[in-house]
Every structure is written in structure tokens, then in C-alpha cells.
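When the chains are written out, they are named A, B, C and D in that same order, and each has its own residue count from 1.
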Amino acid sequence: MEAAQEVTEPLLRVAGVTKRFGGFTALDQVDLVVAPGERLGLIGPNGSGKSTLVNCIAGTLRSESGRIQFRGRDIGREPAFKRVHLGVARTFQIPRPFASMSVIDNLRIALLYGGKAKVTLDAGRATDEAMHILGQVGLAAKADTMSGGLTQVDMRKLELARAIAAKPALLISDEAMAGLSASEVDDILALLFGMKERGVAVIMIEHVMRAVMKFSERIAVLVAGRKIADGDPHAIVANPDVVSAYLGQ
Amino acid sequence: MKCLAAWFSGALIALCLVAAPALAQQPLKIGFGMSLTGPLAGNGKAALISMQIWQEDVNAKGGILGRKVELVYYDDQTNPSTVPSIYSKLLDVDKVDLVVSGYGTNVIAPAMPIMMQRNMTFMGLFGLNVNSKFGYDRYFQIMPSGPEPAIGWTQGFFDTAMGLSPKPQTIALVGADAEYPALALQGAREQVKRSGLKVVYDKTYPPNTVDFSPILRAIQATNPDLVYVASYPPDSAGMIRTASEVGLKTRMFGGGMVGPQFAALKAQLGPLLNGLVNYESFVPEVADRFPSIEQFLAKYQARAAKEGVDVLGFYLPPFAYAMMEVLEQSIKAVGSLDQAKLADYMHKTEFTTYVGKVRFGANGEWAQPRMLAVQYHGIAGNDLDQWRKPGRVTVLTPAPYKTGSVMTPYQDSRK
Amino acid sequence: MPADFPTALVLNAVVAGLLLGGFYAAVSVGVSISFGMLDVVNIAHPAFVILGSYIAYLVNDRTGFDPIAASIVLSPLFFALGMLIYRIYYLCFEKRGQESLRGLAFFFGILFITEVALVLVFGVDYRMARSAYSDTTWRLGPVDFPMRLVVPFLVSIAMVIGVQLFLTHTFFGRAVLAVAQDALALRLMGVNTFRVKEFAFALSIATAGVAGAFLIVIQPVQPSIGREYIGLVFAVCVLGGMGSIWGTLAGAFVLGLAESFTSTFFGPSWAPAVSFGLLLATLAFKPAGLFGR
Amino acid sequence: MSNRAFAAVAFASALALIAASQLVTNDYYFSAAYTVLQFVILATAWNILGGYAGYVNFGSAAFFAVGAYSSVFLYKAAHPPLIVMIVTGTLAAGLLGLAVGYLTLRMRGVFFAIATLALSVVLYTFVVNWDYVGGARGAYILQPRDLPFGLKRYIQVLYAAMVLMAAFALVVARTIETSAIGRGLAAIRDDELAAECAGVPTLRLKILAATVSGALMGMAGTTFPYYLSYVEPSAAFNLSYAVNSIAMPLIGGMMSWLGPLLGALLLGTVQQVVQVTVSSEWNLMIVGVLLVVFVTLAPNGIMGWVEAWKRRRK
């Protein structure tokens, strides 16, 4: 994918990002760095600001202060769709399929508009590529069913498929595994690991600690809008602040 | 796509066959569109009833040219965009022998191009200034607004005003944002130029205004000698009611208000009408000049209550009837339905109708304006019968119909 | 204040604006419930107001009873009519989860049907109700208070406050507020949301009936006048803030005052443009409206 | 069928309809057809923003009036040929559509609908106070004497213009519907946030849809002054344009260009037929009953029935 990467330049740099909703401070001076192809776990109790951070990076929310840089370029002011073109793709915690369309049509939207949209796909190649991605997430059989009628699990898979179809450099997976069975968690994990070979960095937000520990090369912890820890997964788990934050002493 | 045209015309022809006239002695068909729904339905239905009364009278006398008269009409819903379809259906599908117009400028103008293409003689019912742009020589209009309609319409008010001594200096003009009031105000502005008055207020208001006190207070602040109002029934009621609530002080108030001519407003407003100077087309005070009108009004009033329309019928019904009388007399005189001969006859002849002598000028409007300018006085209570006999109205102009002079100022004559 | 400052004119403009706002609030409070809280786009609300006008006129004409009092006594009739209309609406749309657009066309149909029914029953002549206070006007210094507008104003404020108190202080009322926020949650708590919504919609039609009596006391009414009020009722509801009764009252006063001041000082013809321009600005900069949630 | 083929068929049918009209000697069909075609254009145009993108425009009468009044303005100013009026009116209404497009930046769903309603009231007040185009008095527009292509009566010229414009509107609607833009708009209709995060430039597409929809609605109004020969604000801003441009796509079906066409042909023809056969208040009642019945029995419109029937048959 990318040419040789200068060592120092990170893929994503989030510096001093603050976000307030009226009086409530959802994010307070958060810094975060993601290297190309890196697998980062983002954890924290509910309401710690994880989704808000995702929305600020993806562009659906605008932070009051701080800078967000992607491949060295400031994307803080860019609309969400432009960030997708630049290579930032995200899934939604609560799936949001295009209900009036079939599963494969959902993919076609992402292929047409997401993946470096400059590449104009003729119908034929678009269908093959869509089927290929659907195969990866295990939805090939349901290509023609209406996406509105899918089960919760399948909808989560569709979310991932749409993000992949955007050919991102950074994929943000927002609780894609909540409520899945062990085998399904493993399927998704295998998929996300696959992204690594294609040089795609992944930020995984999960509560399933088994998956997070297995997947993450690095873990960042958000509590009440502030990043309280960032580093090697095992050190993080042993870190007293993190434990107290989670177990709520 | 091609099936569209076939299917479309097939459906319509089938429907028209259903409505095709019986093959017996061919009836003489007169076609028109009329507002039976929408804001002007009140006038439309009153006109329709009057024309039906005329139809019954004529058929009782054996019809015209030995043929029974039949009225073919459709509801234009007070929506001008229905008019071209209605009139081309009447002419091309129903094949009516004669056409007359609906009520009001908005629905008369759209029919003009079709009339001009077919060279039909076209009688208009209360259209203000319609023919000025078309200049069609077979257009005739029954409302007595005179050769320059907008001027003739406002003549009574201004003649009366300029007759006051000392001469009034300032005038306030106010009217609704709609076709008739805008034309009436245009006429008033022209009158102001001719009489050298100074305009101190000249604004319009949206037709669905609820509260008129802001407008009348703004007018009162300019302290005008005269207040000329051009309005539709709901606004007229609002203006008159607010004038008493605000205690309007001016020498003459009124002018071009549609509404006080109708029974509904006469009953609702009652004593509030005292002192108002307004136009009317017929009042009992001049009944002696129109011998047979009582007979018509009796028939009309009998049916009006049941049909839920204006109970008195002073404003429009006599003229709707008179319009048909002119047609009737012309056909009988010419002896045929030749449009050219009819038009020519109508230009030359002075007709005697329920509304007296009717003579048309070159542009089809009345040769002489004959709108009555009246002042209401001595009204007590809200019953309607006080209006059926003379005594509540002073006719100010035109001179031949004058029954008294104007009482001013408005606030004193209101008591 | 400068000598020529038109204090009387300004004072009267304020009073006229408030009185007009009171009437606008009565006409719009029903929409604030049906549209603001139930998300039912009831375009035919003004038609029910006109129906209320005619019923009040009928009673007043036959028995000489005061039209506004008559409308309050007869409001249960409108309440029942509201329940019937909502049942049809619920069966055809809500149950199938149709979005409110379909309901829009449904209510356009109801608007036309009601208007023609009124034309057939009452004819097309202008009707107006006579009441004892129709022609009396109180004068306090330079300001005058026409009873024709003051009585509807007072009863309207009472009605709006009554609706607000009902919604906040009774079980059923709170259920209506809850259904506005999260119908699903309410259903999970075992509340029959259909019954609650039906009640709320019926209440909105009842307010329409009473507002109709105000209208026919203020000005003559004719079946097709309802069409003029469609824009106004939604403007007041949205300007004030969706689903907020206080918001509706505030929105009504803002529009009433804007119209009154524009008519007095600038030009009556521009009054609707000013009012709806105000609404456009509010929607652009504060979509939730003045008091919206 | 490719867009080019569809365009060819559409314009061929249009020319066929115009040719067929030479056989019709009866003017009534031209007037009735003019009105029905007017609604075909209005409904098709409305559906581009309302059906494809899901933004309900309450103010379609305002766009229609912009088209009509730009023709009145040109008639008074320079008296240009009809085609110039049509193009100018379409562009003027397109500008208004552009402005409305930016409205979608701040407003969604029913707020957007109310905003377009407010916009049409503001525009109405401007036109009422614009004396050059007649204001509240109304303006007279006399139909030209010399008729092109040897047509006998001017209504036939207007009919031909409307047929060609209807074909053009259908081609534009279908081209948008089957293109990437159409897919993007459908995504916006289903879930705007998800569409934005799938890379769809939602604002740009909404503005495009609003501009094209507005322009075509204006186009429907450009020949109206000649048809009526007397235009005043309450005729151009009539409630029937707002009601029909929403009801027809709803009744026909909003998912494809065929829906508004069917809805307009059905409801438009019924209104024309009822208006000249049932001569009293009943024609307004019939339209009301038709609206209620159709919207309740055919939730997704006629096309909805067709789709359901096809799915059941497969």
C-alpha cells in the first residue's frame, strides 16, 4: 500500500483534543498516536468518551480545541466524507445499515464513494470486489437479502464490510464484538488481524478483554474523558489506576 | 408513451358521450365556469342561483328562438388555472351555443384568449378592467363601473368627498394584497391626482389579517381627512369593527369595501355600519327606479336561505340576472346565435333590465359609471328586516339617484 | 423620551400583539401536541378549528348561548372526533411504522373532505357569532382593549396553562410527555402507548374546537379560511420549540408582536414575511426552537 | 436500458405524442393534457429531492411561481421567444433550489419541510409587493399571434412544450436515479450519518438534488403565464401545487421515476375529468377521498404494489 514509511511520522496524531456538550466535558486534552499498520486497543468504562473520540476523529463531531492530523495533514476541519477518502473508516456501535437496500448494494455505496473514490468502478468489477469482501465477513450467502432484515450479528458484520470496502489506512472498530458468541469473536478477530497484512492500522474499542488483549499491540485507556494510560497491554492491565477505574474503588 | 394519448382521449370521449344531450328538440346551451368552492364561492353560488332563476323564467315563456335554455356549468374552485380547461371543454366537447364568464377578474381573464380565438361574444360578470389589455370588441361586462373601470369604481366616494366644505386636504389609502383591492386603489390614486389631495398613508395588508387595530392606529396617527378602504368581506368586517373600537376620527371613512352589501355583514355589524360611506349596486331606496326588481329579489331570497348564500341579494344577483337578460334580448332581436351580429347589436342597443337601463361603450364596459355611493345611518339592532325597506341608506351619487347628502365627520355620524 | 415618540402607538402595538399572540397560541397548541409530541403531521388541524367555529356558530345562532362557552361545553364532542381520527391514522400508518410523510397526505385529504362537508352543510356565506361583549371596548388611557379580542385571549391563556398543568401534573399527562420522548421505553414499562397517544391527539382536536370559537368571535368565517392557517400553526409550534407548550405560547407571542409592530410601523403587507423570516432564522440557527428540548 | 436509450425512447414518444396531437381538433384535450403534464413535471421534479433523498419540500408552489414570474418579468422586459423564457425560468428556480440545498446543511426532516413552507410565504410577499410584474394587481400576458411550425392554436405550442419538458424531466430523473448520485441520494435517504461515514459527500449531493429538483419545478411554471394569460400571486402560489407535488409521488411510488409519472397521470387525469363532469363541490371532495384511500391502501404507492406482486411471484 504505502511507500516506505519515515519512522518518526505517525499515521494518526491526536493532540490536546477537548470536546464539551454544554457543561459536560466529554474529552479533556486527549493525546493519541497511531503508527501505520499498528493494532491499538482503546478501552474504558461506559461514558468515558471512547465513542466521542471516534466521532471527533471520523469527523461527525467537531472538537472545541486540539489538532487531529492524519499522515501529517491536519484533518480537524475536513468533513467526514473527505476523511473517509483520506483513509479513515469507522463502524457504528449501533449498526446503521441502508435499510431499503440489499446487503450488496450497501457495499456498492462504500465501494463507489469510499475507497479512494477516484477509481471509477464499472458494475462488473464492483460486484466481484463486493462479493469478495462479503465472503471475508461471512455474508456472501445473504448478498441479495434486504439489509434492514438482518440479525444484529449480521448487521455488525455488514458495518465491518462497509468499512473495509472504503479501503482505509486506519479502521476504527467500535464494539464490533459486543454480544457475539466466542466463535464469532474469533472470526472477527481473524478478520481484523488480516487487516495488518494489508498495512491497515486498527483502533479496536471493545469490552471483551480476551479479544483486546489478544489483538492489541498497544492499549490506551480513557476514563471520564481523560487518557489515564497508554502502552504495553500487560503493563496496562496491571496498572492500579486502570484497575481502580474499571472496578470502581 | 404512445398508449398514453390513446388511453387518455378514449377515457374522456367515453365520459362525454355519457353527458351528451338528448336528441329531442336541441336545447340552447349556455356554458360557464363558476366558483362553487374556495374563497369566492359565496358570490359564485349567488350568481348561479340568479342565472337559474332567469333560466326558469325564460323557459316558462317558451325559451329562446323556440329552444329550451339549458345551463352547462363547472366549478372553477376560485382557481384560475382551471378556467382554460373548463371553457375549451364547454366549446369543444359540450358544444355550447353561448358562453358567459364566472365571477371576478381572476377567472374572466384566463378565458379571454379562448374567446378571442373563437370570436365568441363574451359577457363578463364583475370583472374590473379586464378588457384594457385585450381590447376585444366582443367583450361586454355587466358591472356599472364605466368606461375607465378603476376610475368609475371610485367616482362616487371622491365626488362626495370633494363636495365637502371646507375641502378635504389629506387622504389615507389602504387595501388588501389581492386583485380587486389593488385595482380599486390604483383607481383611487388616479382620483387623488385629479383632485389634488395629499396622500398621507398608502399601504396594503395580507388578505388573511386577523387584527386591524395596528393598521387603523397607524392611519389615525397621520390624521387624514378621508380614509379610502378597498377590502374583501372578512377584512371589511374587521376594519369597520376596529374603527369603532379604536374610535377612528376622520371626515369620511369607507369607499371600496366588499362585504357591507351582503346580508351576513349587515346583520353581524348592524349599528357599526352607521356613518360608513361605501358603494352598493342596488338598495331599496332606489327600488322605484327599477320596477320589476322586487319580483326578482322575492324569488332569489326564497331560495338563498336554503342554499346557504347571501340572503338579501342586493350586490350581485340582480346583475347576474341582468347579464342573462341582455343576452336574451340580443338573441331575440338578432333572431340567431351569430356571434358577430349579437356583439354588434349589443354595442348599439340600450337594454332595459331588472337593473334599469344598460348601455355598453366601445370597450364593452358600461358607457356611464353607475355605482351607487351610499351612507348608512339610523341602523339599530342586528335584525335584517330593517334593510329590506328604505330608510337606512342615503344614496349620495350618481345625481339622478341622489336621496340626501353625506353626514360628516364619520365619528359623529356613527352614533 | 423624545416628544414625538408615539407612546400610545407603541403601547397599543404591544397590547394588540399580545392579544393576537393569545389567539395564535390557542390555534397552535393542538399542533404542538399532535405534531410536537406525537410526530403526527396534522395539516388538517386548521380544518378542525373551522369546524369548531361552525359548531359554535350553530349553537350561538340557535340558542343565543355564548359561542366560547358553548365550545368548551361541546369540547368532549371534538375529543371523541379526535379519538376516531387517530384510530384511523394509527391503523393505517403508525402500526405499519410508516414515516410521517404518508400521514401528511392523509391529513391533506381530511382537510379537503372537512372543507367540502362544511360547504355542503353550512353553505358558503360568511358566518359570525354574536356575543354579549362583541361590541364593547375597554379604554385604559391611550390603550383600548376590544372585548372581542380580550375574552378569547384570556380563555386561550387559561386553556394553554390548563393543557400544560394537565401534562405535567397528572399521570396520563406525564405519560403523554413520556411517549413524546421515548415510546419504546414506555411500552417496556407496560403502558399501552396507543391509548396514551389516542388521548393526546383527541386533546389536540378538543383545543381546536375551542380555538374555532375564538376565531368566529374575532372575524367572520367561511369554509376555505382554514387553508390560510396551515403555515401559521406549524410556524408557531416550530418557532416555540417542538413539543414545548410554553414554547408554543412564546412562539405565538413572538409572531403576534412581530406582526403587530410590522403592521403599525413598517407596512402590514410585510407582516407575514417578517414572521416567517423570523421562523427561517430560528430554524437555521436554533433548530430546536426557542424552548425546544 | 442505458440512459441514452431511455432518453431516445422518451423523446421519440414525446415527438409521437406531439405528432398525434395534430389529429386532435378539440382544444379541450390540449388544456387538460397541459395541466396533467404540468403535474407530471412537478411530481417528477419534487421526487428527486423528496423521494430519492428523503427531503420533503412543502414550498414547491414557490419554485413553480419563480418559473412563472421569471417569464412574466421577461415578457414585460424583452418579450423574448418562449424557449428563452423556459431556460431562464428553469435557471432562476435552480438558484432558489441551490439556496434551499444549503438549508439542508442546518435542517433535516420536518424542520426542512417547515422551512420551505416559510420560504414560500416570504417569496409570496415579495412577489405581491413587486409592482413591475403586476404585484397583487396581476399581470396580463398576451399569447403571441405568429405560431411556429404551422400550428393552428397557441395552446398546441404550449402542449408541445410541456410534452418535451416532461420527457426531459423524466430523463433527468432516471439518469440521476440510476447513477452513482442516485445511489448516494438513496443512502442519504436511508441514513445520512452512515452515508457520510461511508464516504458519500452528503451536502454536495443534497445541494445537487435540491438544485435540479428546484430547476425542474420552476420549468413546469415557465409556460404558465401564457397558458393563463393573466397571472396574479394567489394563482401562481396556489395550494394545489404544494398538495399535488407531494401526493402524486406518494400515490405513484417514490422509489423510481415511474412512480411520480403514474401518480401524476392518475391523480391529474381524475382531477381533470371530475372537474368537468361533476359540476359542484364534489370534485374537491373526490380528490380528498382519493388521497385518503390511496395513502392508506397503497402505503408504498402503485409501484409498491408492483414490487410486492413481483416479489410474491418470484
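To be clear about the criterion, a residue touches a chain if its C-beta (ideal position, glycine included) is under 8 Å from a C-beta of that chain, and two chains touch if they have at least 3 such contacts.
In this text the structure is predicted, and so the values were computed from the model without any measurement.
**Student:** Trace the shortest chain of touching neighbours from subunit B to subunit D and give its length in steps.
**Tutor:** Minimum step count, subunit B to subunit D: 1.
**Student:** So which chain is the furthest away from subunit A, centre to centre on CA atoms?
**Tutor:** Of all the other chains, the one whose centre lies farthest from subunit A is B.
**Student:** If I average the Cα coordinates per chain and compare with the overall Cα mean, which chain comes out closest?
**Tutor:** Of all chains shown, the one whose C-alpha centroid lies nearest the global centroid is D.
**Student:** Measuring centre to centre with CA averages, how many angstrom lie between subunit B and subunit C?
**Tutor:** 35
**Student:** If you average the CA atoms of subunit A and of subunit C, how many Å lie between those two points?
**Tutor:** That gives a centre separation of 48 Å.
**Student:** Whole-Å distance, subunit C centre to subunit D centre, using C-alpha means?
**Tutor:** 32
**Student:** Counting in whole Å, what is the centre-to-centre distance of subunit A and subunit B, each centre being its mean C-alpha position?
**Tutor:** 74
**Student:** Which subunit C residues touch at least two other chains?
**Tutor:** In subunit C, residues 115-116, 119, 269, 272 touch at least two other chains, as defined above.
**Student:** Hunt down the residues of subunit A that sit against at least two other chains at once, touch-wise.
**Tutor:** There are none in subunit A.
**Student:** Multi-chain contacts in subunit B: which residues touch at least two other chains?
**Tutor:** Correct list: 36-37, 177, 204, 206.
**Student:** Which of the residues in subunit D end up touching subunit B in this complex?
**Tutor:** So the residues of subunit D in touch with subunit B come to 9-10, 12-14, 16-17, 20-21, 24-36, 125, 128-129, 135-138, 140, 142-143, 153-155, 224, 227-230, 232-235, 238, 240, 265, 269, 272-273, 275-277, 279-281, 283-284.
**Student:** Note which residues of subunit B are touching subunit D in the complex, please.
**Tutor:** Residues 1-2, 4-5, 8-9, 11-12, 15, 18-19, 36-37, 73-75, 77, 79-86, 88-89, 91-93, 105-106, 109-110, 112-114, 117, 133-134, 176-179, 181-183, 186, 204, 206 of subunit B touch subunit D in their complex.
**Student:** So in the complex, the part of subunit C that touches subunit D is made up of which residues?
**Tutor:** Checking each residue of subunit C against subunit D gives 35, 39, 41, 88, 92-93, 96, 98, 100-102, 104-106, 108-113, 115-117, 119-120, 227, 230-231, 234-235, 238, 269-270, 272-273, 276-277, 279-280, 283-285, 287.
**Student:** List the residues on subunit B that touch subunit C in their complex, please.
**Tutor:** For subunit B paired with subunit C, touching residues are 36-39, 41-42, 44-45, 78, 177, 203-211, 213-215, 217-218, 221, 233-234, 237-238, 241-242, 244-247, 259, 262-265, 268, 272, 307-311, 382.
**Student:** Over in the complex, which subunit D residues touch subunit C? Could you list them?
**Tutor:** 56, 103, 106-107, 110-111, 114-115, 117-119, 121-122, 124-126, 128-129, 239, 243, 246-247, 250-251, 281-282, 284-285, 287-296, 299
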